[in-house]
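Next come two complexes built around subunit A: one with subunit B, the other with subunit C.
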Partner chain A sequence: MRSITKYRFGIMPTLLVAVLSPVPLLAADGAEIIKKSQAAFYEAGQDMKARVKMTLMAREGQQRLRDLTMLRKNYPASEQKYFMYFHSPADVAGMTFMIYKYPNRDDDRWLFIPAINLVNRIAAQDSRSSFVGSDFTYEDVSGRDLTADAHALLREEPFNDRKVYVVESKPIGPAEYTRKLSWIDQASFLPLKEEYYDVQESLYKIFTAEEIKDVQGFATIMKRTMSNVKTGHKTEVVFERIQYNVGLGDDLFSERYLRRPPEKWIK
Partner chain B sequence: MKYWTSISFILLLVTPALAEEVALHGFVQGNYAARITGEELSGPEGGDFLLGEERLQLKLAVSSQGAGFFLKTDFFRDAVSRTTDTDLREAYLDYGTGALDLRIGRQIITWGVGDLVFINDIFPKDYAAFFSGRPLEYLKIGSDAMKVNLFADLISAELVVIPFFQSDNLPPSQRFFMFDPFPGVQRTTEEPRAELGNTELALRLYRSLSGFDAAVYAYKGFLKTPSMRPDDPVSPIQVTLFFPRLAVYGASAQGNALGGVVSIEAGYYDSLDDRSGRDPAIPNSMVKYLAGYQRQLWTDFTAGLQYYGEYLIDYGPYRDTLPLGFPAQDRLRQLLTVRLTQLFLYQTLRLSFFAFYSPTDQDYYFIPEVRYSFTDALWGAVGANIFGGEKETTFFGQLDKNDNLYVTMRYEF
Partner chain C sequence: MKAPWLTRFSVEKPRLVIALTLAITLAFLTQLPRAITDTDPKNMLPETSPVRVSNDEVERWFALPKDVIVLGIVNNDGVFNRETLGRIAQFTEEIFKIPGVVVRDVTSLTTVDNVRVEEGQLAMRPAVADIPRTPEAMAVLKQSLLSNPLFINRLLSPDGTTTAIYIPLEPGANAKVIADRIRAILPKETGGERYYLAGDPVARDTFGIQMFYQMAIFSPLAGMVMFVVLWWMFRNLTLVFSVMGVAMVSIVWSMGLLIGVGLPVHIMSSMIPVFLMAIATDSIHIFNEFYFRFREVPDKKQAILDTIRAVGRPVRYTALATAAGFAVLAFMHIIPVKIFGLFVAFGTVVIRLMSFSLIPAVLTLIKDERIRAVSRTEDETTHWASRRLSGLASVGLTRSRLLMAGGLVLLAGAVLGIVRIHVNNNMVDWFKPHSEIRVADRIMNEKLGGTSLAYLVGISGEADFWKRPEALRYLEGLQKDLEGMAVVGKTFSVADYVKRINRVLHRDDPAYDRIPDSATEIAQYLFLFGMAAKPSDLDNVVDYPFEKINLWLNLKTWDAQAMRDVIARVRAYTAEHPLPGAVFRPAGIAYFNLTWNDEVLSDMLRGFIIALFLVFVILVFNFRSLRWALVAYTPLLFTILMIYGAIGYIGKDFDMPISVLSTLSLGMAVDFAIHFVGRFQQRYAKEPDLEKALLWTAARPGKGIMRNAALFAVAFSAMAFAPLTPYITVGLFIVSMMLLSAAVTLVGIPALIVIFQEGLNLSSIKEKTP
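Moving on to the complex of A and B:
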C-alpha cells in the first residue's frame, strides 16, 4: 500500500511535467534539430526522382554545367540508395553512379564507364570530397552522419521573415571545416543558410537556399547555391521536375541498371 | 497547307506514343606520340612518330520500350602510314524484358577487378594503342558477340558467345622496337577460322556476398596473343603465328574493407593444346592472381596498389623443352602496380601516375599524365610512356627503346 502511494505522488508529477512541456523546450536540443533538418532535406518521401542542373561558376566568369538525373530511395535504419545518370557534359554523358549510403560507415560507391563497359568500385572514405568538381561535397548531396558533429542550438531568430533555429555544428573527427552555422526554418526544418568556418576561424563557404516549393506536401529546396568566398567560385543547383513516391523498385539499384540505365527513370 | 497540317498533327500524335530516345554524341580528336629515345627503325613507319592521327567519333544511341541500338564509329587519318580509314568500334542491338537482357553485335566487354591487369578479362585488347598514348578506352577492342544476361536474386548470369575470333592488337614491328626470337624470318598468321566449332564461350556468374561484389568466371576459346612455331627449330625459313586453345576458370571479389576498396581475383589458365607442358611453342598452364587496394588518402587524391602473380604449372617440362638460347621465364612472374591520382582546380586538372614494376623480370613501365579540361567540351592531355628493364626479352624490357611522349586533344559533343 505504501509503495503504491509512493508511485502516485512520486513519479506521476514528473511524467505530467514532461508531457505538458511546450515544444520549443524539447526541440532545444541542437542534435534533434539537425536530425529533423536532415530528414526534411535528404529523406523526404519514400523515394525521389529529380533532374538536377548544376552550374559551376568561376570568379572569372567561366561556366561549366553538370546535368544529371538523380534517383533516391529510403531504406530502414536510415540507409539510402542513390542512382545518378549524367546527361552532360559530353565527356561524362552516359556514365552512371550508384551509392549505397550507410549511417556511421563508409558508403559503397560504383561508377559505370560506358566507353569501356566497366563497372568499378570507387573508394569513398573522404565524403568531404567535391561532388563532380562542384562546390558541393558528397555529404552536401546525400547528408552527413548526424554523430559526426557536436550540435548546439545557439539561438532563435527571424531570418527573411521566417523563424529559424541557429545551430552550431563542430566536427568530432578531422574535417576541412571547424565550425558550421545553420539557419534552420522552424516550420519546414529546411536549412535556409549555412556558413562554414576554417581553422583560422574565417568564413570560407556559404550555402543558401534561394527557392523553396511545396512538392506533393514536401517542402523542397528547388534552387540552392554553395559559394566559396575565398576562391570566388560558386555552384548553383536547380532541381527540375522533382517527384516523390514514384515507386522506384529495389532492383533499380543494381549492376544491371548501372550498365543499362532504364530510360523510364532517367529522362 | 492543309496537307502539312495533318502531317504535323499525325506526327504530334505518333511521337509521344513511340517515346523514342535518340542521342547523337561524339568527338573530334588529335592524338600524337613521338619516340624520344632517338632510336629509329628502318622503313617508312619507323621514324620518331609512333602515332599521328586525327579522329572523328560518332555515337548514335536509339531506344524505346526496352529495345534499342547503339553505333560507335571512328573515322580517322593515320598520318604515319598516310592512310585514312574507319573503325566500327561498337554496333549492337539491345533488348530487355523481365529478368533477361540480350545484346547482339560488336560490343566491348570488360570483366574482372584488376586495374590494367587482366586475368578473367579474356576479351581482345589493343596494346599498340595503349603503348602509344591513345586514351584508355582504345585499350579495349569490340567482340562480335551475342551476350545474354539473366538476373535473379540468388545469382545473376552473363553468357557471351563469340563466333568470330578477334586477336589482341600487338605493337607493330614497323613502328615498335620489340624482342623477336626469329629475326628476319618470314611469317604467316593462322587465326582460328570462323567456324561453329571455334566459337568462344564466356560465362560470368555474380552476386553480392557480405557487401562484396563476387563473381566466378569460365571461358573456353583461344589465347588472344599469338604463339610462334618455326618450321625448323635450328634454321627456320618460316614462322607461323597461331592462337592456341585456352580455357580459363576464375573468381573475383571487390568491396569496402580496411578503410578502402579491396580487390582480389584469380584464374587458372588451362593450356588445352599443351596439357603436358612439353610443347615449347605453346604457353604452359598457369595460375594468375592479384590483390589490389585503393584508398582516398586526402581530398581529391586516390592511391591504388596491386600485386599480381603468374605461376607456371609444369615448370620442369617447360625448362626441358625450351630451345637452346631462348630466354627462360621464371616459374613465378610477379608484378606490382601503383596508381596515383590528384585532382586540382575543381577537378579540371588531373595529375596521374601509373607504374608497373616486376621484381622478377626486373622491368618497368611508367605512365605519368597531366590532363586539363579547358571547357566542358574541350580537354587536352600530355603524358609519357616510359619502358625499361634489365633484359631486352622481358615484357616491358623489350619496349625500352620506345619511350614516347604523347599529346591528346579532344572536343566532345
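Moving on to the complex of A and C:
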C-alpha cells in the first residue's frame, strides 16, 4: 500500500516536468529523467574548463593525488570532445589525454607520453576501466549511453532537504553493475547519490555529490566522491576554477595540441 | 595391605558407582551438541602471531585476497576453440553469482586485461572479449595471448592446452561450499575438457570436513573392531562393554568438558577420542589379572580386591606417565597443542579413576558362573598363549648377550636413519594420491606455474623508489634467479608490467621488452597502465607511494621445504647483489605454511622431548631406582628410535601426523614396561628365583601386554582404510609401535635383567605398597 501512495504523490511533479518539456507526455519516465540528468551533469554549457583535484584514498589511509585540467566541448548530435592535461604527480606532468565521445559507439582516445614523445591511440573498455586508477570509470567521468540501460522511476522522496527522483537503471548488455539506483535532484537534475549493485545483488559502489554550486547559471557539482564499499577504497574529486562557455576552439582537440597544449587553457 | 578405598567402595556398592558414572557421563553428553568446529590449520597460530600479523599487513598493503580457489580447465586439443572459450566465459559469469566470491577480482581469460597492439593502437581489453568466429581470427587471438608473458604459466600453459580461473574469496567464506557450487556449474558431459579445482582453501576446508567424517566413521569402526577382539579374548559381553565403557566415558567427559568450556574442536582435538580409546585399553591388564585370580581365589569380591592390589601400582603409574607426558604439551606455545595435551591428560586421569571404580563395580555384578567357565583356561603354565610368551621370554634369558648385541646394532642403524629425517609438511599430501584434490593439484602444477602462492615484498623507506630503473632491473634479475629453481614455476612483478608496456608502445618490438632507462618513462608507463587496467592490477604489485613492491611467486609444491629454499635463495642473492635502500620480506600462504610447519612441529617436538625426560623421572620414582628405571625405559626408547629410524630410511617427512604420533608413543610404549617390571618385582619378592619369576611374568602379566598390543594392532589397522593419509600413517605406526614395544618388553627386559642382575641388586627387592 505504502509504495502505491508514494507513487501517486510522486507522479505530480513528473507530470509537470513532462508538460513543461518539449517531449511527449508518455516519455516522462525514468529514461527521461536520466536524460535530463546526463545533460545537466555532463553537458552544461557549450564548453567547460576546470581544474580537477582527484584524491585516491586506500582503506589504509594512503593517498594518491591526481591534479589535472579538464576541457570539454559539446558538438551536435550529442558528441563531445574532452582534453585533459595532468599537472601531477610530478613524474607524469605533461601527459595529455583526449577523448572523442560518440553516442552509441566506442570512444576514440589518444594519450601523449612526453617521456618518449609519443602520441598513442588507446582502445579500452569504458564500462569497467578505471579512470587513472580511481574508483571512477570512464563512463562515470564522461557519461554512459542513455540506451545502454533500461530506466525506471521507482519513487520520489525527500533527500537532504531536496526533492529527488529515485531511478533504477538496469543494463541491457553486459556491464560492471547489474543495477544502479540514482537519487536525482528535481530542481537541478544533478545526481545527489548513486548506488551500484553487482551480480550478487550486493551494493559495491556509492557515488555522492557533496557540494553543488551555481556557476554562471549552471548548477555544478563541485565536490563528489565514489566509494567502493567492498574494498574500502574511495576517490574524492574536487572541481576548482570551473568556467563555462570559455570559447574553446576546435583545433585544440588535435594531436598537435596533445603534444604542445596551449598554456592559456591548461594552467 | 588393602586395595584402595575407592575400589572397596565400588565392590560394596557397585550399582551406585555405575549409576553415578552414568549420571556424570550424561551431564557431559549434553554438551556435545554445542560443539563448534574450527578446521582451519591457520588458527593453530593465534591471530597475534608474527606471521599472521605480517601476512595481514601485506594483504592490506597490496589489497590482496586472503584465499583464492583455482579452477583449471584442460583441453588436450587446446583451449582456443569456440566451445571451450564459450564455456570459460559462461563459467566466469556463473562464478560471479556465487556468494562469497569477490566479484571484481575474479580473473579469467574473459576478465583479465590484455595490453596489446591492435590495428596500430594500444588496446587494453579483456584477453577474450569476443569469441572469434573464424579460424583465422582464432589463430590471431591464440598468437596474441600466447605471446603475452604476463599470461604464460598463470592464465595459459605455454602449449595452449590449459587455462585457469582464479576465484578470490571474501574473508570468512567457506571454500568447500563455494568449491561445491563451482562443481555444480561444470557440465557433466564435456567436449574435450577436464576441470580441476585446486588451491589451499579447497584443500583446507575439504580436509576439515573429511576430518569429521573420519571421526564419525573410523573412530567408531576402530571401536567396533576392538569390541569383537575383546569378546574373542574374554568371552563375556558385560566385560567387553565395560572396557569399551571406560573408553567412552573418558571420551565423553573430555570432549564434553572441552566443548562445555567453549573451546572449538580443532584438527588436533579431533584426535582426542582416538587417543583415549587407545589409552583406555590399559584396563585390559585388570581383566587379564582378574581372570587368573578368579581361578585361584573362588570368592569373586576377594579376587577383585586382590587383582586391584596386584595391578594397582602399575596401572596408577602407567596412567601417571601417560597423563604427565600429555600434560607437558600444556606448557607449549601453540594453543591447540596445549588444549590437546591437557584434555588427553584429563581423559587419562578419568580412565585411571574408572580402573579403580567402574571396572571393579562391573566385575562385581558379573554372574560368577559366566566367567568361571572362561577363566578355567587361564593358567600361565598350560594355556597356549602363556606358553608361547614364556618361550619368548626364555629366549631373552638364554640369548641375552646376543639379543643385546643385536639391539645395539639396530640402534646404531636407527640413529643413522634418524639423522636423515627432515621436518616438512605438505597439506595437499594429506589427501590420497588419487583423490580429486591431489590429482587437481598435480595437473595444475604440471601445466601452469604452481598452485602454492608466495609473495616477496620489497620494502624501501622512500617514495618512488620502485620507479627507478635500477630498482626494477634488480627485481628482474631476482626473478630470473628465482625462476632458475625447480620449485618456482612463475614469478610476476611490477617490472613485468613495465616491460610489457614498453614493448607494446613500441609497436610490439621485442627489443623493447626491457626496463626503460629513465624513472619518468617508467612512471608514465605505469600511469598509462593505470588508465586502462582495473585498479587492483597495479595495487596487487605496488603500494601507493611506490615505496613497496610485491613480487608474486608460484611454487609447484606445497612442501614447506620449497619456501625454505626460496627464502635461502633470496638471502643468497641479496647478499651477493645488495640493493641499497631496500629489503625483502617473505609473505603469503606458502610462507605461512612454512612458519606453521616450523612453529607447530617444533613445539610438538620440544614437548615430546620434555615428556620423554618426565616419563623417565616418573619411572625412577615408581621403581625408587635409577637402574630399574633405565631397564623399564629401554623398550620405550628403543621403539621410538627404531620407528624414527625407519621414518628416516623410507624418506617420510616428520610432519604433523608423525609429530602427533610421537606423543602417543609416550603413553603407550612405557605402559608395557611398567607392568612387566612392576609385576616381576612383586613376584620376585615372593619367590626369589630369577628365571621362574621372569617366565611367570611373561606368561601372566605378559599375556595382558600381548592382549593389549593385539587389541590395539587390530583396532588401529582399521585406520589403514581411512580417506586421509595422516590417519593412515598414525594407524599404521601405532600398530607397529605397539607390536614392537610389546616384543621388546617381553624379550628385551628379561635379557637386560639377566645381564645386569648384579647391578640391579635383586636381593633388595621387596613388595612395594600399591
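The definition used in the following text is that the second predicted complex is superposed on the first by the 236 of 267 C-alpha atoms of A that agree within 3 Å, B and C clash if a C-alpha of one lies under 4 Å from a C-alpha of the other, contacts with A are read in each partner's own complex, and residues count from 1 in each chain.
The criterion applied here is as follows: a contact is a pair of C-beta atoms (placed from the backbone, for glycine too) under 8 Å apart; a residue touches a chain by one contact, two chains touch by 3 or more.
Note that the coordinates shown come from a computational prediction; the quantities given were computed from them, not determined experimentally.
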item	value
Simultaneous placement of subunit C and subunit B on subunit A, clash or fit	clash
Subunit B versus subunit C as contact partner of A:Arg59, first or second or both or neither	second
Contacts of A:Tyr204 with subunit B and subunit C, given as first, second, both or neither	second
First (subunit B), second (subunit C), both or neither touched by A:Pro89	both
First, second, both or neither for A:Glu255, with subunit B first and subunit C second	first
Contacts of A:Gln80 with subunit B and subunit C, given as first, second, both or neither	neither
First, second, both or neither for A:Asp106, with subunit B first and subunit C second	first
Subunit B versus subunit C as contact partner of A:Thr225, first or second or both or neither	neither
Subunit B versus subunit C as contact partner of A:Lys267, first or second or both or neither	first
First (subunit B), second (subunit C), both or neither touched by A:Phe97	second
Stretch in clash, subunit B with subunit C, out of 166-174, 220-228, 292-300 or 310-318	292-300
Subunit C-contacting residues of subunit A that also contact subunit B	56, 58, 62, 64, 89, 91, 115-116, 118, 120-125, 128-130, 132-135, 233
Touch list for subunit A against partner subunit B, complex	56, 58, 62, 64-65, 88-91, 93-94, 106, 108, 115-118, 120-126, 128-130, 132-135, 176, 233, 251, 254-256, 260, 263, 267
Residues on subunit C engaged by subunit A in the complex (per definition of touch)	60-61, 63, 93, 96-99, 101-104, 118, 120-126, 129, 464, 467, 505, 516, 518-521, 523-525, 527-528, 530-536, 538-539, 543-545
List of subunit B residues in touch with subunit A within their complex	21, 23, 25, 27, 61, 63-64, 94, 96, 101, 107-110, 113, 136-137, 139-140, 149, 151, 156, 206, 211, 213, 254-256, 259-261, 263, 294-296, 298-300, 302, 343, 346-348, 373, 375-377, 379, 410, 412-413
Subunit C-facing residues of subunit A, complex	56, 58-60, 62-64, 86, 89, 91-92, 95, 97, 111, 113-116, 118, 120-125, 128-135, 198-200, 204, 230-231, 233
